[in-house]
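Structures are listed in the sections that come next.
Shared between the two complexes below is chain A, which pairs with chain B and chain C, respectively.
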Partner chain A sequence: MVSQGLRVVHYLNQFFGGLGGEEKAHIGPQLREGFVGPGKVLHDAVKGRGEVVATIICGDNYFAERTEEAVQQILQMVTPCRPDILIAGPAFNAGRYGIACGELCKAVQDRLGIPAATGMYEENPGVDLYRREVYIVKTAESVRGMPDIISQMVALVLKLVDKKKIGRPAEEGYFPRGIARDESSDMNAAERAIAMVLAKIKGAPFESEIESPKFDKVKPAPPVKDMASATIALATDGGLVRRGNPEKLDPRGATWLRSYNVKGLKALNPEDFACHHSGFDTVFVSQDPNRLVPVDVMRDLENEGVIGKLHDKVCATAGVAASLSNAKKVGESLAEQLKAEGVDGVILTST
Partner chain B sequence: MTPVAIMVGSNRIVPGSGVIHPVGNVDLGSNEEKNLRRTIVQKAIEALHTELKEQTVFPRPSV
Partner chain C sequence: MKLELNVLNIKDVQFSEKTDIINGVLYINRREIQELLQQDKRLSKVEIELAHPGESCRILQVSDVIEPRARIGANDTDFPGVLSKHITVGAGNTCALRGVAIVINDQNAVSGPSHDPKGNIIDMSGPGAELSPYAKTHNVVVLPYAADGVSPNDYKVAIKLAGLKAAVYLAKAGKDLKPDEVEVYDLPSLPKVSNSMEHLPKVAYIFQAYCTSFPAIQGEPILYGDSLRRLVPTLVHPNEILDGALVNPYQGMGMETYAIQNHPLIKALYQKHGKELCFVGVVITVSQYTEPERERSAAIAANLAKSILGADGVILTKSSSGAPDVDVAQTAQMCEELGVRAVLIMWGMSQDGGADSSVVFSFPKVDAMVSTGSPLRQVSLPAMKRLIGRPVTLPNGAPASSEFNLRLLWISGAVGQLGNSKLVSVQY
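The block that comes next holds the complex of A and B.
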C-alpha cells in the first residue's frame, strides 16, 4: 500500500534558508513551518505523496564547530514534527554544508529510523565521508539543476519508504555506496567482461561492476641519518607467531598486531617461533623463522656496529586479503607505537 | 610480490628471495643462505639510509 500524507522535513544552511551569507554562518538551528526558499521545489516534488511540514535552518559554522550538539538539537526540533522523510540540502560544493547534510542524514537514519537523502558535488568532502551510509545524489559544482536533483532525491526516499529496490548508482544518480549486490543478468560474466573491454576500446562509456580501490600516495620518510647509532625494528605481515600461537594471531586479514620480545636473542629459534599464515606454504619459515624475520643477520649487523641496535620487539601480523582500511589502521598504529619506542627505521618483511 | 608493493604505494622496496622465504632460500646450504639473507638485509639498510623523492625499488646485486 502506497503511503500518502508523508511528512517531509527539509534541512537548509543559512544561505539557502535565506538568513544571509558567511556573516550568518554562526547561527544555531531554527525551525520554520512548511517550506523555505528552494524547499518549494521539494514541496512540489512530493505533491500527491506528502508535503514539507517543516524546515530546519542552521549556520554552517555552528554545525561544524559543535557537530554532535547541533545534531542533538536538530533531532529534538525535528522529532515533534513526526517526520517520515528528511531531505538535506543539496549542498553542491559547499564543504561545511555537505558535511552537515551527510551527518544529519546519517543521524536521522540511525536514531529516528527514517529514510534520508542529500545531494553534493563529487569533490565535496561530505561525499567521501558519508557516501557509504547515506544516499548522496550527484550534483554539479555550481547551484543549478535544482528541480532534477530534488526529484532524484525524492525518488530515492520514496523507494525507501515503499520498500522498493533501489537501482544502481548510475541509474538513480547517487554516489556508489560500496555495496555489492547479487543480480541476475542475461549475459554471463565472460560476455559482460568482453562487452566492457569492447566499450573501453571504442572509447564508449562503461561501468565497472566493482569499484577499484584507491591507494594513498605517501611522501617518502626522510632517511635514517646515522645508521650506526640508529635503532632498527623488524616487522612482518608474514604471520610470525610464537610456537603454539598463544597470542592467537589470525592467519589472515591483518586484524591486529602481535609483538614478541627478541631481546638478547641471536636468532629466531624454530622451537620458539613458527609461521601461521593462510596465504603461502609456511613449512620453510617454520623450519627456520629467520627466513621470514631476519633476526640472526640483524643481530650480527648490530654486533658489527653497522646498526646501533636491533629493537627488542618484533611486530607481526598476517596480511592475506586484508581490507585496505584494516591494513592502513594496523600500519598506522605500528608506526605510532614504534616511534614512541624510539625506533628510527623499520624493515618490514612481506611474502 | 614487488609489483603489489609498488601499486599500494610503498616507498622503499627491496625484492626478497621468494614468497615462501622472503629472506632465505632452501636450495642453498645454511651458510650460503645466511649470506643471501645478509645481502638482502643490507640492501634494506641501504634503502633506509637513502634520501628519496619517490617510490624506489632497490635491486639486489646478484649473489
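The block that comes next holds the complex of A and C.
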C-alpha cells in the first residue's frame, strides 16, 4: 500500500518566493504555510500522495555568505513541519540558488534522513558540486517547462519514499551521479561493439558505455623567484610507505596521503621505507627508496646552495587508476598542507 | 582460408579404463594421460581431477583454460611451434570437444598486488558460477608439480605445455567420430573478400594479444610458439587465431586460450560477414609501455587497417591492463585520425563503483567504448565443499573453501576482454 499524506516542504529563493530580485538576496530564511508561487505546480504534482505543507524562502546571498549557519536555521524551521520530502528549486542556471538547493538537499538527506530532489541547468556550478550526492533533474537554461521538471522531481522522490529502483539518468531525467553498476545485457560485448562501430561508420548516433575523463584547465602557479632561498618539498604518488606497510595502505586509487619526517636525513633508508604500488615492479624502489623520492639528491642541492632548504616532510600516496575526484582531493589536501608549512615549490615524482 | 571445426558435444566426463568418447560421454584413462604429461622432466608429477557443473567445488590458482582440439588431417600437428614443428593452421578440419575444458592449475599462482595465493578461481556452483563460462564446462583440471631445481620460469612454461598436450590428447579421442555440428569459418584473401559485398562497411579487428609491461617469461609460447616481446604489428588470418596459432600468455588478464579458440569477436564478425559488414581482417599487436614505441606501434597498426585492409571501421581489444589501455586507446585515436572509425572493448578501473574517470586515458577522438563490466568490483562468494588446487588459507585463517570476497577479475572468465562478457557497466 503506498503511503499517502506525505508532507512535502518546498525551498525557494527570494525571487521565486515572490519577495523580490537581487535587492532581496540578503534576506534570511522565512517559513510560509503551504505552497508559494511555483509551489502550486508542486502541490498539484503530489496530489493523491501528499501536499506541500510548508515553503522556506531564503535569499541567495544570505545562504551563500553563511552556508552552514543558514542550513542549520532552515533545518530548525523545517523539522517541526515533520517533512517526508524536500523539493528545492528548480534553480535553472542561477548559480548561488543552485548551490543552495544542492547543499540543502544534501543536508536533509544526511541529517534528517528524508529524500530530496532539485533541478538545474547543466552549466549551473551546483551540478558538478552535488550531482554525486543529490538527484538533480536536468532543466533548460531559461525558466520554462516547470510542470515537467516538477513532475520528474516528484517521480524521483516518490520512488525513494516507496523504496523503488531508480532508473537510468537518461530515463528519469537526472544528471549521472557518477556511479557505475554492472548489469546484464542480451548481447555480449563483441556484438555491442559491432553495432557501435557500424553506427559510427554510418554517422548514426551511438552512446558510449564508458566516458573518458574530462579535465579542467588549471592555471599554473608563478615560478619560484629565488631558488637559492626557497623551501622545496618532495611528494610522490609512487606508493612510498613505512617498511612493512603497518597501516595496510592501499597500493592504488589515491585513497590516502601521508607525510614522513625527513629532517636531518641525508637519504631515505630502505630499512625504514618500502614501496607499495600495484602499477609497477616495486623491487628497485624498495631496495633504495631514493630512486623514487630523491632525498639524497635534494640534500646535495641543498648543500650546494642551489635550493634554500629541503622541506622536513616527504608526502606520499599510491596512484594507479585513481579516480579524478580522489586525485583532486589528495592534491588539494597536499597543497593546503604544504602551503601552511611554508613551502615555496614541490617536486612531484611519479612512476 | 577455410576452417571446419568438427564439434562433438560432450555431456559428461568420467575416468575409465580407456580414453574414448561414447554417446557424448568423454572417458579418460587417468593413468595414461598422467604418464603422457609426466614425460616432461621439469615436472615431478601431474595430478588430474574432474569438476562438473553444479558441483559444490572451487578450483584455485587457475592459470589457463583450454578447449580440447585436435587437427584431423593426415600430417597435421597441433599448437604448432609449441608442441610440434611449425605448420600453418586455420585451414582444413579440426576436432573440438565442446562442453569440456582443460583447466591448468599453477601451484605458484598469485593474484593482484597483494599476491593473493588463491590466484584466479572457478566456482562450479553458486553466484561465482553464474559469472564464469568455465563453470558450465566439465573441467579436467591438470595439476602439475615442479621437479626439484626447476626455476619458476621453466615451471610456467612446462605447465602450459602440459595443458596443451592434455587438450590434444583428449580431442584425439574424437578425431574419427561423426561431429554433432560443423562450424565453418571461410574468409578469402583481401582481393576477393569484398566480392559482392562492395556496399557493406569494411570492418577490421586490431587484436592486442600481449602486454610487454610484465617481465618476460623465457620460452613462453604465444604466437606460433614465439614469445612476442618485439612484435611489430602484423596481419594474421582470423582462422589462425581460432585454430591454435595463438596461446594465451601467462599474464593474460581476462583472457584464456579457451576464449581465443572460441574468439567471441571473431565469431561475431564472421556471423555478420556478408550481411551487415565485410570482415576484412585481423591486425595483431603487442602493447608497448614507452611513449615512442607506443606511438610507432599504434601508427603501424592503424595504417595496416587503413591502407592495407581498407577498413572503414575497427574494433580493438586489449590484453591485461594499465599501459595496454593507453596503448589501445592511442591506436584507436590514430585510426580515427586516418578516418577509420574505432570502437574499444574496454573496462573501467573504478574500485568503488565510481563511474567518473574510470579509464586512464583521454584522447579526443576516442569516444566509443563498450564495457566488459567492472573488473575491480568486489564479489561475495559462499563456501564450497570441495577444493581443487593448492589448499591455501585466507587472511582470517579459514580455508580457501570458505566464503570470501574477491575482485570480479580473479574469477576466471568473468570479465572477458575478447568480448564474451554480457556484463555492461551502466552509468547511474
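The criterion applied here is as follows: the second predicted complex is superposed on the first by the 215 of 351 C-alpha atoms of A that agree within 3 Å, B and C clash if a C-alpha of one lies under 4 Å from a C-alpha of the other, contacts with A are read in each partner's own complex, and residues count from 1 in each chain.
Note that in this section a residue touches a chain if its C-beta (ideal position, glycine included) is under 8 Å from a C-beta of that chain, and two chains touch if they have at least 3 such contacts.
Because the structure is predicted, anything quoted here is derived from the model rather than measured.
Peer 1: Touch test for A:Ile210: chain B only (first), chain C only (second), both, or neither?
Peer 2: second
Peer 1: Scan A:Asp296 for contacts with chain B and chain C and give back first, second, both or neither.
Peer 2: A:Asp296 contacts chain B only, not chain C.
Peer 1: Please tell me which partner, chain B or chain C, touches more residues of chain A.
Peer 2: Of chain B and chain C, C contacts more residues of chain A.
Peer 1: With the two structures laid over each other on chain A, which partner does A:Ser278 touch: chain B (first), chain C (second), both, or neither?
Peer 2: second
Peer 1: Touch test for A:Pro169: chain B only (first), chain C only (second), both, or neither?
Peer 2: After superposition on chain A, A:Pro169 lies in contact with chain C alone.
Peer 1: With both complexes overlaid on chain A, does A:Ala321 touch chain B (first), chain C (second), both or neither?
Peer 2: second
Peer 1: Kindly classify A:Glu191 by the partners it touches after superposition: chain B alone (first), chain C alone (second), both, or neither?
Peer 2: Only chain C is touched by A:Glu191; chain B is not.
Peer 1: For chain A, which residues lie in the overlap of the chain B contacts and the chain C contacts?
Peer 2: Common to the two interfaces on chain A: residues 215, 281.
Peer 1: Which stretch or stretches of chain A touch chain B in the complex?
Peer 2: Against chain B, chain A makes touches at 215-218, 220-225, 227, 230, 232, 238, 280-285, 287-288, 290-294, 296-298, 300-301, 306-307, 345, 347, 349-351.
Peer 1: With touch defined as at the start, can you tell me which chain C residues reach chain A in the complex?
Peer 2: Listed in rising order, the residues are 112-114, 201, 203, 215, 264-265, 267-269, 272, 276-277, 312-315, 322, 341-346, 348-363, 366-374, 377, 408, 416, 418-428.
Peer 1: Would you pull the chain A residues touching chain C in the complex into a rising list?
Peer 2: Where chain A meets chain C, its residues are 166, 168-169, 176-194, 196-198, 200-202, 206, 208-215, 251-253, 276-279, 281, 320-321, 323-325.
Peer 1: Taking the touch rule as given, give the residues of chain B at its contact with chain A in the complex, in rising order.
Peer 2: Answer in residue numbers: 1, 5, 7-9, 11-12, 16, 19-24, 26, 33-34, 37-38, 40-42, 44-45, 48-56.
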